[in-house]
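Remarks on the structure that follows.
Labels run A, B, C, D and E following the written order; every chain starts at residue 1.
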Amino acid sequence: MNAQTKITPATHSLITPRVKEILSWYESDNPGTKANLYRLLMTGRLAGTGKLVILPVDQGFEHGPARSFAPNPAGYDPHYHYQLAIDAGLNAYAAPLGMLEAGASTFAGQIPTILKMNSANSLSRLNEDADQAVTASVADAVRLGCSAIGFTIYPGSDAAYDQFEEIRELSAEAKSVGLAVVVWSYARGGTLTKKGETAADVIAYAAHMAALLGAHIIKVKPPSDHLELDAAKKAYEKAKIPVSTLSERIQDVVKSCFGGRRIVIFSGGETKNDTNALLSEISQIAAGGGFGSIMGRNAFQRPRDEAIDLLGKIIDIYAKA
Amino acid sequence: MNAQTKITPATHSLITPRVKEILSWYESDNPGTKANLYRLLMTGRLAGTGKLVILPVDQGFEHGPARSFAPNPAGYDPHYHYQLAIDAGLNAYAAPLGMLEAGASTFAGQIPTILKMNSANSLSRLNEDADQAVTASVADAVRLGCSAIGFTIYPGSDAAYDQFEEIRELSAEAKSVGLAVVVWSYARGGTLTKKGETAADVIAYAAHMAALLGAHIIKVKPPSDHLELDAAKKAYEKAKIPVSTLSERIQDVVKSCFGGRRIVIFSGGETKNDTNALLSEISQIAAGGGFGSIMGRNAFQRPRDEAIDLLGKIIDIYAKA
Amino acid sequence: MNAQTKITPATHSLITPRVKEILSWYESDNPGTKANLYRLLMTGRLAGTGKLVILPVDQGFEHGPARSFAPNPAGYDPHYHYQLAIDAGLNAYAAPLGMLEAGASTFAGQIPTILKMNSANSLSRLNEDADQAVTASVADAVRLGCSAIGFTIYPGSDAAYDQFEEIRELSAEAKSVGLAVVVWSYARGGTLTKKGETAADVIAYAAHMAALLGAHIIKVKPPSDHLELDAAKKAYEKAKIPVSTLSERIQDVVKSCFGGRRIVIFSGGETKNDTNALLSEISQIAAGGGFGSIMGRNAFQRPRDEAIDLLGKIIDIYAKA
Amino acid sequence: MNAQTKITPATHSLITPRVKEILSWYESDNPGTKANLYRLLMTGRLAGTGKLVILPVDQGFEHGPARSFAPNPAGYDPHYHYQLAIDAGLNAYAAPLGMLEAGASTFAGQIPTILKMNSANSLSRLNEDADQAVTASVADAVRLGCSAIGFTIYPGSDAAYDQFEEIRELSAEAKSVGLAVVVWSYARGGTLTKKGETAADVIAYAAHMAALLGAHIIKVKPPSDHLELDAAKKAYEKAKIPVSTLSERIQDVVKSCFGGRRIVIFSGGETKNDTNALLSEISQIAAGGGFGSIMGRNAFQRPRDEAIDLLGKIIDIYAKA
Amino acid sequence: MNAQTKITPATHSLITPRVKEILSWYESDNPGTKANLYRLLMTGRLAGTGKLVILPVDQGFEHGPARSFAPNPAGYDPHYHYQLAIDAGLNAYAAPLGMLEAGASTFAGQIPTILKMNSANSLSRLNEDADQAVTASVADAVRLGCSAIGFTIYPGSDAAYDQFEEIRELSAEAKSVGLAVVVWSYARGGTLTKKGETAADVIAYAAHMAALLGAHIIKVKPPSDHLELDAAKKAYEKAKIPVSTLSERIQDVVKSCFGGRRIVIFSGGETKNDTNALLSEISQIAAGGGFGSIMGRNAFQRPRDEAIDLLGKIIDIYAKA
């Protein structure tokens, strides 16, 4: 039948086997949440690969505007970040309430957004072990057309238990209205040393807790080769879990999130001048089975052309993984 | 900077000036609703053109399963319609609760869906002038990941005032959670003759009422050259509004919806054997500035290949308009 | 490893491929509702076959106690029916609030129960075309440990639209707390003749409407070979849908429920003295792909031994289908 | 009537006198809760015996993923545990929110589940005496189709009073929607020595408090022959309550839970290499009238075949008791 | 009719390009909120310029009546302040509940009002770092016909996180009923020195946080040339952000509020005897792109004529900017 041959395929909706497989993991979620996970996975240059690169701009809350935006003053304007995420072909853009409100109508539908619902700030003397303020609501996410809520937990801190109860309530509400839930899980405080915050065992543990709390997408820092907790160290050694390369550690973190049944992405961390080192890190994340990167300062603190170039290279790495 | 040149554009999100213009008309809506209008306008082969072709499958409620699906038995299966809408490159798929539930998870995110919230049925002796039952809720639309609710009103019928109050409440709730509102406006009952139901003045009037009720997208039948209401007839004659060609009448209907500031689409009506006549009608709708078609029986009652071929030709007409 | 060989399989939980397939159709339901559908499909002698035989005892409301229970006075005692359903190896027992309350604790967990939420009664002068009173709540179903709610609609009656709105609300609430929804769909009133109530086209239409309303399980009467509605008749004839044998008509009804993606069961109707005729009817239902029977008066109005014998034969028929 | 002889008994629903007796103890509970207790008691190879073996997998929260799953990496996948519990013929599977969500749909209805609602974690410096975060809700348990909620209390700790108030509220809500309540009762903190945490008097006391709080099922650790509290010691000695064998101590714990009117089960504790010692402990628990075991690490940290073998032996011991 | 010729055009409604531009920044707000922002921007002698001078009288709560009103006893009467704001041609008047209630009817509609919803007081020993009581509701603002709510946050204080959550809720409610939100953002407490409270970096940071929290209008103190936070200092130096003149610092604060997409106004601070110094400060605020002043004690603690004279000079400066 030559009818078929005349039809141009509706390329945007060509769901891939990999995206189908990923969506099947979220088996207790309603179709609304699945549709938003679909949007996150089917947008941008990585659409359909099951990989994600996300632009987060919540550093203003945590570090103030000058530290965040002075290196590339175009970033003072919230529209800049929406456009950067779109033009670089990213999967999503994450920011606090005010930042999203300032562009949500202009860019409605053009890029999936994640409403970052809590934030710390560096003025507070409670900054390390403290709670973060919850500065937005699920109703805000709905009226702003977001695809997901984002929430930070600090496992290990004195505030962790309160945070777990906050995310429980926000997550239940978000899921009931078809939103996805992204959890930033940063171990800190408690018995942890500073070095321990990014230890291989601690990152895997923090990621696992986020999965247990019901997160759809989990964001952690790339783990170091340090093992912090004695009991965990023994377990790693006995089971001969390799942690000497970043790629091996990423594999362990991914496995720790329900044997790979949850999306885990990794932060880019502080601004790095050595682009090659940054790209090499991304390569190892990709090689280890990481689902992608959430790249803030390394993206928006560069001139736009350089940022798009860098994000393009990162996307290329994940696209080939 | 040759960085730019290396970047493959994220084609899916290339909003066009026309879609931007259309979205600007919905100026009191929140970004969530705009994002859903964006999805309706940026999906399928007509993405970006400002035109829409939508597949509605609610005839089972109104005419029963045999009259609806026996001509092409594949249509008994709800998954068939999702896939048809996707493969034909349509903008959206509209159906009642059960039909959507039966495929909402399998096709989550792949095609914008419209939850048809009320329906008449041909068993009722109240069918002409009666109310329709509201068979779904806005909460259903949210959990199923729909982009819009759909609602039928019968201006002129004894039930119209109740229907106007129902759509008022459903519409307010839908808008508050970022959904779009599609109103099927079919004048009938009251003092109208059967011929009057599709009269040029009556269709324009019914479309205008839907706009006044706050609809984002309005669906009416293609108007005939009959003028039903005496007072209206005088006005048309005095102002020399041409209604002799379908294209002229479409122009009048579109103008009647806030001077063109609302999306108006036209139904395909009963199954037509004469495809050329059908395509000619579409050409005139397109020439008159109609925003598109909602094509049910003429799509799903044909064999799939023929349906995709026909829908492809309809899309081609709108794409060139 | 001979460890495996020592293990007696946990026979109760051997889900079958057929039950897995049936559960996959209910793709937008939460795991709680799926678990209750599982219970309905994995209980009794038909466990695992995808077939169901259910005992309904709501005739007391509709016909009064003497017409219902005098033929077999043991049935005045609510415990009798629970025990009958269990001993006969049925899948479930359905009854109004009071009947369930009177045995729910004694028989807790022993047989899935369906809380019949509305009922007509023969004292009312509104009996044919009227609404039924809603006599229980979803909260009642939850506290009584029911697996499903049951609800009757009368498509075609003047009350139908109100009933559709009632089941919309009850169904949404039931699904949110993990219950299944069973809809008894009996066309009557409106333009229908008495003969038309069981016409092949009308039964298929009534079943289709229940599916559109979101029912998980649909109960209708076995259809006759009459075709009631002119337009439907034409469609049946044009598509050459065979309706001369009951088995063919059952096939058409099942197909009319989303191409077979919903469970449709058939009532046993009035007490029949001719057991062979009854079993022959069941054989044709089974041959046509019907999912089972809901057998009230033909079960509980016989002496217990005869009832168990008859139900055993019915089960045997479905087990072989 | 030889009709009876033809009926194959519906084996799954043959409630036993022992299960009837146990259900009769929960005399103020609604039929919904009784139905869930029935499911817990009538599932698996111990169905009908009044004994239970349950698989709990909440160690990931408390010890992290590597310590929990590295010994048997198949356990990183949540589906593994559902299948293990089913294949080993256990009564139920208990886990935190995320673990259940990841398999609740695939395994819906196949095994009763217990939603573990709070958890400690070993990163916190507050781990011994502190509260646990409540990481799920009763509404989650309902939508996931769970049979019970599970909650840990630390009698003796500074957080105990808060925990008692939390379980009061969660328990009341769970009972109102027909769920059962399982309380993990672990005395710690306050004036207790480390040795005192498992002292015979303290375990009995902790179990009694859980019973007083309204638990349907109580989980404690197997008691040692140490008596911690002076006043209790005098009472034990005066009344000549024997505590020299584990079996005697189990008898005392069971008696302490309303003279045997509540189900008390015992944890398996840390991974034991000496299987004979483990089975001998189970034998003594069974001999003392313990209702069963909740066996986590000793089950899922072994290779699957060994786990099924071991659980089979444990079940055999209880089946003979 | 020469009556017409006598009509002075309703100057207040001649929206200017600048006001249109400002309103366009608030793109996710509903038309009700935009109408109130319009009122604030189109009232008084600065109507249409995009600049605002506002009279706040909430010092009674914070400093007591004598310190506030004894210098100009006419100010004890709430009507005095309404009339002063009107007669001086200001844009709005802000005060706590009781102050507004005492004149809201007399002056209804004559001047936009801002209901100041929280206040500290100098009796409390918690005054520096503590929370403020929320002393009014959004419903109060609505019934009093206010255009906005006003709310104070203390970023850096231990109470800040609670305040962020309070303003999140009040702001969401206010926006939903079409009110604007004005946030007074005063960094204090935590790790800040006294000097640091008005440091250039800290003021910019405090203003940015208010913007992130969703404020429409942000009020801060004029920044000093001190840089408080080490990390910020480095960022300022590296990016060569000039902060030596007030005008430069104002520019940095405005830029820190979404690149100029939010209205930022500056307080007049304590009563200044040196009017020239005060006016010079205003000139620099205006030169730096500040949107206006909120001038309390320097206005109402002077005799009315002097106040009107001073406010007139301030308005003149902004009008020329």
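Before moving on, here are some points about what is shown:
To be clear about the criterion, a contact is a pair of C-beta atoms (placed from the backbone, for glycine too) under 8 Å apart; a residue touches a chain by one contact, two chains touch by 3 or more.
Owing to the predicted nature of the structure, the values given are computational and were not obtained by experimental measurement.
Any chain touching chain A that also touches chain B appears here: C, E.
Counting hops only between chains that touch, chain C reaches chain E in a minimum of 2.
Any chain touching chain A that also touches chain D appears here: C. With every chain reduced to the mean of its CA atoms, the largest distance from chain A is reached by C. Of all residue numbers used at the contact between chain B and chain C, under half are used by both chains, marking a mostly different-residue interface. Note on chain placement: the centre of chain A and the centre of chain C lie 48 Å apart, centres being C-alpha means.
Once the centre of each chain is set as its mean CA position, chain A and chain E turn out to be 37 Å apart. Chain B and chain D have Cα centroids lying 56 Å from one another. Within chain E, the positions touching two or more other chains are listed as 27-28. Chain-to-chain contact here is organised irregularly, matching neither a line nor a ring nor a star, and falling short of all pairs touching. Contact residues on chain B toward chain C in their complex (touch as defined above): 60-61, 63-67, 69-71, 73, 76-78, 80, 96-106, 119, 121-126, 130-137, 139-140, 143-144. Residue ranges on chain A touching chain C, taken from their complex, read 27-28, 30-31.
The residues of chain E lying in touch with chain A in their complex are 25, 27-29, 155-158, 160-162, 164-165, 168-169, 172, 187, 189-192, 201-202, 204-206, 208-209, 211-215, 229, 231-232, 235-236, 238-239, 241, 252, 255-256, 258-262. Those residues of chain B that touch chain A in the complex are listed here as 1, 3-4, 6-13, 15, 23, 30-39, 42-45, 47, 86-90, 104-105, 108-111, 142-146, 176-178, 305-306, 308-309, 312.
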